[in-house]
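Residue numbering begins at 1 within each chain, and the chains themselves are lettered A, B, C, D, E, F, G and H in the order written.
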Amino acid sequence: MNQFELLKILEEIHSSALSPAKAAERLKHLPFEDIGFAKVDHHRSLRQGYAEVIFGKGKTPAQVAEIVRAMISKKASSHNVLVTRADTKMFAAVRRASRAAKFHPLSGVISIERSKEISGKGTILVVSAGTSDIPVAEEAVLTARMMGNRVEQLFDVGVAGIHRLLDHRGALTEARVIICVAGMEGALPSVVGGLVGIPVIAVPTSTGYGASFGGVAALLGMLNSCASNVTVVNIDNGFGAACVASCINRL
Amino acid sequence: MNQFELLKILEEIHSSALSPAKAAERLKHLPFEDIGFAKVDHHRSLRQGYAEVIFGKGKTPAQVAEIVRAMISKKASSHNVLVTRADTKMFAAVRRASRAAKFHPLSGVISIERSKEISGKGTILVVSAGTSDIPVAEEAVLTARMMGNRVEQLFDVGVAGIHRLLDHRGALTEARVIICVAGMEGALPSVVGGLVGIPVIAVPTSTGYGASFGGVAALLGMLNSCASNVTVVNIDNGFGAACVASCINRL
Amino acid sequence: MNQFELLKILEEIHSSALSPAKAAERLKHLPFEDIGFAKVDHHRSLRQGYAEVIFGKGKTPAQVAEIVRAMISKKASSHNVLVTRADTKMFAAVRRASRAAKFHPLSGVISIERSKEISGKGTILVVSAGTSDIPVAEEAVLTARMMGNRVEQLFDVGVAGIHRLLDHRGALTEARVIICVAGMEGALPSVVGGLVGIPVIAVPTSTGYGASFGGVAALLGMLNSCASNVTVVNIDNGFGAACVASCINRL
Amino acid sequence: MNQFELLKILEEIHSSALSPAKAAERLKHLPFEDIGFAKVDHHRSLRQGYAEVIFGKGKTPAQVAEIVRAMISKKASSHNVLVTRADTKMFAAVRRASRAAKFHPLSGVISIERSKEISGKGTILVVSAGTSDIPVAEEAVLTARMMGNRVEQLFDVGVAGIHRLLDHRGALTEARVIICVAGMEGALPSVVGGLVGIPVIAVPTSTGYGASFGGVAALLGMLNSCASNVTVVNIDNGFGAACVASCINRL
Amino acid sequence: MNQFELLKILEEIHSSALSPAKAAERLKHLPFEDIGFAKVDHHRSLRQGYAEVIFGKGKTPAQVAEIVRAMISKKASSHNVLVTRADTKMFAAVRRASRAAKFHPLSGVISIERSKEISGKGTILVVSAGTSDIPVAEEAVLTARMMGNRVEQLFDVGVAGIHRLLDHRGALTEARVIICVAGMEGALPSVVGGLVGIPVIAVPTSTGYGASFGGVAALLGMLNSCASNVTVVNIDNGFGAACVASCINRL
Amino acid sequence: MNQFELLKILEEIHSSALSPAKAAERLKHLPFEDIGFAKVDHHRSLRQGYAEVIFGKGKTPAQVAEIVRAMISKKASSHNVLVTRADTKMFAAVRRASRAAKFHPLSGVISIERSKEISGKGTILVVSAGTSDIPVAEEAVLTARMMGNRVEQLFDVGVAGIHRLLDHRGALTEARVIICVAGMEGALPSVVGGLVGIPVIAVPTSTGYGASFGGVAALLGMLNSCASNVTVVNIDNGFGAACVASCINRL
Amino acid sequence: MNQFELLKILEEIHSSALSPAKAAERLKHLPFEDIGFAKVDHHRSLRQGYAEVIFGKGKTPAQVAEIVRAMISKKASSHNVLVTRADTKMFAAVRRASRAAKFHPLSGVISIERSKEISGKGTILVVSAGTSDIPVAEEAVLTARMMGNRVEQLFDVGVAGIHRLLDHRGALTEARVIICVAGMEGALPSVVGGLVGIPVIAVPTSTGYGASFGGVAALLGMLNSCASNVTVVNIDNGFGAACVASCINRL
Amino acid sequence: MNQFELLKILEEIHSSALSPAKAAERLKHLPFEDIGFAKVDHHRSLRQGYAEVIFGKGKTPAQVAEIVRAMISKKASSHNVLVTRADTKMFAAVRRASRAAKFHPLSGVISIERSKEISGKGTILVVSAGTSDIPVAEEAVLTARMMGNRVEQLFDVGVAGIHRLLDHRGALTEARVIICVAGMEGALPSVVGGLVGIPVIAVPTSTGYGASFGGVAALLGMLNSCASNVTVVNIDNGFGAACVASCINRL
């Protein structure tokens, strides 16, 4: 469309319907995206195209349902729809908008799968340390799946029982990207990172008490990882880790 | 120039030397500033035009001198030149570039005054609490002056001797903008803010020891000021406070 | 009045009704405001005169309503009345005091508009980053309006989609003061500050989770802004930002 | 009593009922307080003797009432009884134990006044900054009173309206000890400390939002006070401030 | 003097040399201290009158010596002079100004004793925990002495060898005010506070390493003291503790 | 068993049923524990064998009950069962699984004692400072008991009343390991550590308010303890302290 | 080799030179890598194989040179050698070991290029904000190059002059991975992340002063980035960012 | 001796040289250690008896040498002597006092071995993660040895190369107490703790940069360890860890 607008102006110059000087004036005031940023937008839709995502927290059930309805009404699109940080009330509302909606209570994710197309080249493995890290790990698993990736999961493999992790060397070495979710001391990514040669996205969780300071201990542990293939996202940000992993997996 | 480039393209369409489609393609890849952002640059030079500023810290004396030389060689310009966070070695080098350079050892500022034009509408008053806040206060005074403002200063008026401040009500009420520099508990801006109806820019300093935590105590004090006309800049940022004050004083 | 009191004493000396020594004694014990601070009070009313403001949080609905009633019963005054950090119960109580009261649920502001006089010289533009920053932005918008300013708003222009901001260059350059509200990384004021030559008041919000630490990340980002026309107020302090902006806009 | 025990042992030696060696053995195992620490206890009761204090928080209404009952059943004693951090349920229970109990809802203090004896030599003045500091200030006022002191109060004299404080110079100079309660930037003790030559006990409150960090800003401000007669107690610790003030006032 | 100025104006009215209206105008602009704040100054000199104090850090030896010279040249005064945070170079300079100057290298204090008058009513006892706390303790001892107090000291009585402290119960109970200096865990004031019924001024020191965080651990320990007669001053602030103790000791 | 598996492979080589090369291949893919880590598992069960522990927080009553049921159905085992951070609802569910279950409401511990065997060599003494530290202390007491230790307790012996602690020197010197639980300033372990020559496990609690920062003050105090036989576990971690103490007591 | 060791044991069983039981015993004590972890090592060398890296800081020049000598003496290998956090003294020593060594003073990196083989599939773009971020950016550039990647750099494109960044859209969209280095408010990665659909590795730098807290402000800004393709490494960790980028670029 | 003093008093009563009342008076004022605390001292010497320890930092070489001289001149004692945090100048001075003194430059420890007696029952194993953790590890090794323990060391076994650690299972399982020294993310104690059933003393080191915050990241990691046999000492406190380990090893 913007392309058309631009062309129309240029053609008016060509047909002398518009003087070059006036055209220059008009072009200077055209919104940027019309002439250059379409590319940006294109990139954005390319990147997120495999899932439309709504951050549920702070929205009313009605608002969430309305946005979902708008999304699934676009005929031409068959993107998956994802609502993160949702609750059962939101789910009830979304369910009325789409019978295909599923609720995942642990992670608070609502998913509407409309496409099973796989666009990621390899497997994303989500590894998590303790049972209380599972909600964040599940958010990562579901997000990565809805974005078109093959996803494997390996839960409850904390570093204090290192053999449980070592037993699954196979899964580790077969992945293309690893998401590593851990609370408390956040040591898992360092151990996992040392076992593989692929990128490890570390997600600190707010699991723990006392001096875990809501995930700060895990966050600092991961930022100081002695394994050099580890990068870090925000505390409890399973969604963000999956976005990055998905983005890498499509390279 | 950019205007000319744009016009040239448009004229080529007009003269059919360029097809609209190809022109659209070329326009899409033109650097943004060429068609829209000149305005931005213009604003930048308008804003900083009264002083060219170099942040000395981390640069060698030779580098600083070279930048100064480039600045003062622009014939058409007679902007003042300011080097902040400088030392005597930098000054020696700058002195060779310009005999007009002056060094202010307390604040570590080098100034080259080339214009005495006043562009600020009123007076900027710089108030500071203790003797150890003077370096930061002086940085603010010099910066504001070199940016074309009338500047008054009122030093050593800490809140534990409130009458010293009250004695200078006159100066407070005659200013158009106040910069308030204080370390330790950073209480001065609250008291000053309560006495006047004009904007107060608060600058916390790293003065103090122990639980002043390098200026954090003063910073927090100022952010929580119960006077509603107080805003805050970074610790020890006399330069930044003067920029904002100057920017307000030209409104 | 105080002037009269002072004069009366002095006239009693003149008429020898009072000896100079006794007068000196009495003068030394007169409350300060009687002889000098009226000016201060005058400033305070000048500054806040365009709106009487009540901080609702921590007060009962009955208390809030009573204060509102007292305010609107002053015949001579037609100031706007503003209650910040209010809720629906407070509104119900205030509504009984004044039918003109309006409640703004997003920001929790109750406003009673009694004057439409504009005293600010230019436009205050309130820019905000994400949808969850809107409550704070709305508090700023309403406060600035009730204080007699023309206010424009530009919401949902976060830095990760920079073109949305660039599309509104016009609004940015037409403002006289900008209030910039952002949570998470708090980067918006830096970008906005770089596009304009006017003062930018940055308001960090407690939006975000994990390492946003209730707005600390945004606060630090803003204090360290590389744009030199940015100052900062406390986290979530939309009211304070509007006070400062209004104060600048009347210069 | 302990004195008697000790004497008895010594007399047994004297009467040869006990050999010196065996006595040495027994003395080595006597509880310390029996031979030396009575003095300590004596001091403790001397110090707190003017009020028996119960920290209510974390106790059940029944527990609180039971302790109160035990206290007031000691015939020989007519100490005042104080319950801090109490609520209406505790008060209901305490009321059944003593009809003399009074509840102070702002500060959550229950007081049972049984003695009006004044043991403090001068007046303790409690100064507070904002309306939201009043609960802590009231806790200080009530505690100091129940400990046998004359107490004056001066509320709502924040530093942003410095003349309100200056109007009360008289009260400031007539006190023997000042307790200064303030939240937000915690600047009041510095100003008050500069106006007087007596000890100022500063109490930071958790009043405020955002970067007040639950009273940390005020605490740091007070610790860094530029007035050298200021000392600090814990955040919201009105009780502790009153204990220290009372302790000084009895010197 | 100010009194005289005021009287002169009033007498001019009386003699009709000045009209009441003009006098009112002039009075309104008289510096506050002239009519009311002399009292404040008087208090300040009363409070600090027993020692003139210079904070050496950040001043040049020449500056320090000059201030000392000015102080000791006031004929009418025989106050003691104290320079805190000084070094040997400052001492060399001060020595040339006064042969009576003594340097205390541990604490970095220069003292010039010109009066041996004791104005404090009782004894101030300075207790310190470890050998590395002695510099701060010595600053407190010297400051308290120069301010006219009898001072006793009890060093190296840390809580991990509690009997060393208990051996000196006598000294503890004979003091009128106690200053308690401790680094590391800062537990000493709690133990001392529990043994006595008098005010304990706690001074955290920056002694220690690792998680002592430059005195923060000790500071927090003292603020949370379970002994209710403990107040706290800033980290390493031996001078401030002595000021407060001296101020209490003169009550 | 794993031993058997390994032997079987090796015997197949010996009997030529398996070629060395193929055996090497199979061995390389055997789970680690099968050939080496059994030892680890063995250790784990040895260590925790005296109690099966469930961390209740974050689990549903049904989940907790189910895990308990699984544990007590292992015929061969008669380990004690412990649920920490439990509540009354969990207890109701667990009660239906085992009539032997007991609930300890202060600490939120459910215990099912099935063995009274004592495996620890000496006595573990749990010392705590204030009444609000008792929940954590009780968690430590119950955990240590269920792990097969003789446990003594000594509650309410804070450092501000040091003689209460000194009265119990006997208990201190008879223990083999001491767990020391304290909130607020966390000074108790230093004093206790100085009185004994055995290991002291310090547990900071989140008791306190204001600058106790949820246990950080106590934690820092303990980490900086001047007694060299003190080590520290996480805030409120009574369970962990008991594990370590039990582990030491079995040496 | 390890493979051979394993085979040798198995063959001894086969040839009955070793009984299965004894072999089992020996196998149980074989280092893990011999039977399973060779893969790990293999991965490690695969991953880092394009550069041997020495962390210079804390080593003596002689130690660094010795390690370099050992590395380059391996005939079969022609890996590049990298020394990070080095200084001129280390370089002098390394130079004697290899004439091919080059020193990059800004970043303190010594590089010995022995192979120009490119193993990364696309281009790694290193973007940095201010001139003082260049040392960290250069460390990233050099590390990525020595690890076999095509690397482009785009320096001095801070967010306060957003058009400088927008002018280089081309470079941004042509990269396969972006490393984004920024200090102060750390906003650059959010803006860059919003413009592209590829992974962005954010590196906070310790650039800045006051409330930048040695890079914490930038770190928090990046962790809270509103762009979902951003991950973060430790402050100043240009090396780590390049490792991750290289690791992604080889996928 | 104290025993004798006590006996003398008691015998005087027995011989009627002293009345019981007067004796009681004298006894009440006897220093505590004389009648009860000798035990404490005894404990202290028992505990540290295997090594006399001097904390060198902050003392002059002369002071250190003097203390050493005093220690080794006690004829009856043949304790080992240890100076921690020493430097070459201290060593030169100590060397003149004792030819047997050895200096360990990495850890800055001076040791004078005068006894080779082993009093610890088992082996203390010191495990450390990176090469930069070795100074702290060495301090632990030397301290533990000088206190009469068999000590083994296992250096450079970081978690990112987990097989290096697993290769040494033998050493881990043969130890009686493990000291685990690690900086950066501090994950090693969790992994080690999971592999063994004995107490693990974790020592965070200030190794690392950026978000390691001088050892805070490692400290928090260790406090939040998911292995329940881990306790923690202060950052860089190798000495303290060895004291605790030695104390456990003698049980």
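Everything below uses one rule, namely that contacts are C-beta pairs under 8 Å (C-beta built on N, C-alpha and C of every residue); 3 or more make two chains touch, one makes a residue touch a chain.
Please read these numbers as outputs of a predicted model, since none were measured by experiment.
Chemist: Return the chains shared as contacts by subunit E and subunit F, ordered by label.
Modeler: Neighbours common to subunit E and subunit F are D, H.
Chemist: If you take the chains that touch subunit B and keep only those that also touch subunit D, what is left?
Modeler: Intersection of subunit B and subunit D contact lists gives C, E.
Chemist: Could you state the distance in Å from the CA-based centre of subunit E to that of subunit G?
Modeler: Between these chains, centre-to-centre, one finds 55 Å.
Chemist: Could you please state the distance in Å, as a whole number, between where the Cα atoms of subunit A are centred and where those of subunit C are centred?
Modeler: From the centre of subunit A to the centre of subunit C is 39 Å.
Chemist: When the centre of a chain is set as the mean of its C-alpha atoms, what distance in Å lies between subunit F and subunit H?
Modeler: Comparing mean C-alpha positions, subunit H is 25 Å from subunit F.
Chemist: CA centre of subunit B versus CA centre of subunit F: separation in Å?
Modeler: 59
Chemist: Mind pulling the subunit A residues that touch 2 or more other chains?
Modeler: If we look for residues of subunit A contacting two or more partner chains, we find 32, 36, 40, 44, 161, 166, 194-195, 210-212, 216, 219, 223-224, 234-235.
Chemist: Pull out all the chain pairs that touch, please.
Modeler: A-B, A-C, A-F, A-G, A-H, B-C, B-D, B-E, B-G, C-D, C-E, C-G, D-E, D-F, D-H, E-F, E-H, F-G, F-H, G-H
Chemist: Spell out the part of subunit H that touches subunit D in their complex, as residue ranges.
Modeler: Of all residues in subunit H, those touching subunit D are 3, 6-7, 10-11, 13-14, 16, 19-21, 23-24, 27-29, 32, 35-36.
Chemist: Mind pulling up the subunit E residues that touch subunit H in the complex?
Modeler: That would be residues 131-132, 161, 163, 166-167, 170, 209-212 of subunit E.
Chemist: Residues of subunit D touching subunit E in their complex?
Modeler: These residues of subunit D touch subunit E: 36, 39-40, 43-44, 46-48, 121-122, 169, 173, 176-177, 194-199, 201, 219, 223-224, 228-235, 239-240, 243-244, 247-248, 251.
Chemist: Note which residues of subunit A are touching subunit H in the complex, please.
Modeler: The contact residues of subunit A facing subunit H are 129-130, 158-162, 166, 183-187, 190-191, 193-195, 208, 210-213, 216-218, 220-227.
Chemist: Which subunit H residues qualify as touching subunit E in the complex?
Modeler: Within the complex, subunit H contacts subunit E at residues 29, 31-33, 37, 40-41, 44, 58, 204, 206, 214-216, 219, 234-237.
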